[in-house]
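Chain naming follows the written order as A, B and C, and within any one chain the residues start at number 1.
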Amino acid sequence: MRITGTFIDEISHDIPHQNWGKAEWDADFGHMKAIGIDTVILIRSGYRRFITYPSPWLQQHLGCYEPPVDLVELFLQLAEKHGMKFYFGLYDSGKYWDTGDMQHEIDANRYVIDEVWAKYGHYSSFGGWYLSMEISRKTKGAAAAFRTLGMQCKDVSGNLPTFISPWIDGKKAVLAASSSLTKAESVSLKAHEEEWGEIFTEIKGAVDAVAFQDGHIDYHELGDFFAVNKRLADAHGMACWTNAESFDRDMPIKFLPIKFEKLRLKLEAARQAGYDKAITFEFSHFMSPQSAYMQAGHLFNRYQEYMESLT
Amino acid sequence: MRITGTFIDEISHDIPHQNWGKAEWDADFGHMKAIGIDTVILIRSGYRRFITYPSPWLQQHLGCYEPPVDLVELFLQLAEKHGMKFYFGLYDSGKYWDTGDMQHEIDANRYVIDEVWAKYGHYSSFGGWYLSMEISRKTKGAAAAFRTLGMQCKDVSGNLPTFISPWIDGKKAVLAASSSLTKAESVSLKAHEEEWGEIFTEIKGAVDAVAFQDGHIDYHELGDFFAVNKRLADAHGMACWTNAESFDRDMPIKFLPIKFEKLRLKLEAARQAGYDKAITFEFSHFMSPQSAYMQAGHLFNRYQEYMESLT
Amino acid sequence: MRITGTFIDEISHDIPHQNWGKAEWDADFGHMKAIGIDTVILIRSGYRRFITYPSPWLQQHLGCYEPPVDLVELFLQLAEKHGMKFYFGLYDSGKYWDTGDMQHEIDANRYVIDEVWAKYGHYSSFGGWYLSMEISRKTKGAAAAFRTLGMQCKDVSGNLPTFISPWIDGKKAVLAASSSLTKAESVSLKAHEEEWGEIFTEIKGAVDAVAFQDGHIDYHELGDFFAVNKRLADAHGMACWTNAESFDRDMPIKFLPIKFEKLRLKLEAARQAGYDKAITFEFSHFMSPQSAYMQAGHLFNRYQEYMESLT
């Protein structure tokens, strides 16, 4: 199961910034390409007041700061240069995390989607949309919002594909800022299937692919959960991707690159479940030879050896 | 707003040590000089039993360990070599943090100040004193102690300048060892002005500059708080510096280098408020090209590009 | 007090993985050798479902994952190449940590010990056994289990030496996943001596050396505790080693390399107490010139300078 896509974590909730300029990003797209990545996904175009592109609407209406660089333009141009597709991640006002109400996200992104498509839609590398609000089963009410946002993205862009990347409410579903690594209560396989069946029914047609994050359950649970995910996606006509997390959730330092063996277990499980595509969160901190975390460069080498051993 | 000073975080409360020797420090002073830093400030000369210079008094009376290197001498010599001024940070017994009583700090530093001036006062790079006890509005009782310590420093050294670097009791004023990043209760602008007005009245004459730490409030609050700080400093005849923190308070890893955009926002706010000088906590971990945190080297580059773009 | 042994932290509870391959491990054994290390100790051969060598028994009976590399074989071969002794760390099912019951560890390791000796006992570098269950005074019931396991190791291998590395229940004895650095209640010197006297009486003959972890007490307490440890070990005919932790327990980031001054204080205390050998947890993350933590390379240099200054 080759990883062919990666998130780009700018703006980040919880991963310290590498402070790369244009030269470092150009080199990193080259590193991605070298291991077969053809898709880059901006994790979100903004979070609260920090944004990735100069947005008149967000700056005027939500008090966002003028960004020092237009990262959306930079990433679209580098994607063109390196022959990759770019997915645009929607704006995250932070209010959904605070209040559980998705209306703020719908209101803001109505403008963001139009603004972004008008400004950047002409790039041949503009390949799709990422509905960036992360949900799990307890946020089922959010499904209607996903439907609204997904349809707007598709309508404005001539039906470019959309995807989501929710989390499984497993034992490792704890906040990054929490000092714990696990929680006592986690979802059963049966409840997972029932609840996501309802969500998929509601978002069908507005969301083309679902890429569950693979890091919230234990490694021996991967097979069962992945089989359910694939069955659900197939039943609702959605592509089933895996979001193979390349950072380690089992360590007190939140977060450094994952142990290769764990990544391998997760990719093997996705392959066995017949998943359609693997993306990762994310290459530049956790798998890149130029990452500030030197463990990432070694992971890059181990991953390449593994890919070569399969061919 | 160019950064012209940096703390040197030896002894540290909460930043892991880089284990540099003389060669690395010499190179780092060179890196500092290259971006315009003319002032280095020893954050504290000792903390509990760890000290930066061999102190007969501290070793005999407080059980401090014999240090492997005389860092005060090393930094004074490197400051001379690179044409910089060195500020000496007072000793911190740790008892103030435990008990809220500054008397221990006054008692110990009475001897430290004399000892240090006798031993190192002849260095032409000895430029001033840093009253290292970090206070905020809730420690107003500490103001009298600052007065005592500041006057002693000035008296012994022919009136060399003194400064403090307190924190604003904002929403990010949480302990480094806490797993949280923010707290619910934070100071209002009005209370901040009233309470610091009282403190400044008391320390006037004994403290020449105040360098508020800039990391405990949100970025959109910078303008208002900085305007108050400048007004207060002006009213009491003190210089108004900013302590531009170059580490990121918003991330679960405590602490790695800050995202450049955030540092830029803080420096812009200081410039707009008409601040007199910018120092940082601190160059060697968070901005140096040779830092163990490689993000720091990229921050160095982004900062240099920014400075060049302003000229 | 020269460090002549190091743990190898594969599989780790709490230190993020470096993702090294054979080339990096070979180079690291060379770095170890260069500073006088003649003993490498596998911290544990497995933890829960992750294991370091392909074990038919563990895979069939405990659902362990097939490991991507046979690390036991790799380390034995590298130890032969570099002229070092390899100690095998027993399997840790994780159940003892969860339940306080050592019976699971005895049951699993009965098979592991036989399996491993049959498979790897012919290597001339196979030098001994590490009883990997970490205990402290509150787990006295575990002493009988240590006796059982130690005797089995010795019986199967022609009396190869065994050792344990318990912790002192000092003020820094907090969980790695906890956000605190210290706790209020810690053991008194007297209780430490009484309780460990009982434990040593029970394990005598089955355990050849005890290497207390040196990081759970304050630096000024080292002398007193080390003197007790040496007296106890002597009285029970065991060798007294120190496990000199080369990571820093005093910082919010858990864990980065220790400040050299602290390591020096601990090694000096072990020397003064007349300890027999110093090992460290552990070289590859915290002292190696090729560690992903660049502070480690500087620690390597400071340590080398210190060793040279003593000769």
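Note that contacts are C-beta pairs under 8 Å (C-beta built on N, C-alpha and C of every residue); 3 or more make two chains touch, one makes a residue touch a chain.
Owing to the predicted nature of the structure, the values given are computational and were not obtained by experimental measurement.
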item: Co-neighbours of chain B and chain A - touch as defined; value: C
item: Copy pair chain B, chain C: interface residue numbering same or different (half cut); value: different
item: Intercentroid distance (Cα basis), chain C paired with chain B, Å; value: 39
item: Interface hub residues of chain B, defined as touching at least two other chains; value: 179, 253
item: Complex contacts: residues of chain B adjacent to chain C; value: 12, 14-21, 24, 49-50, 63, 65, 67-68, 176-179, 253-255, 291-292
item: Interfacial residue positions of chain A with respect to chain C in the complex; value: 179-181, 219-220, 248, 251-253, 256-261, 264-265, 293-295, 298-299, 301-302, 305-306
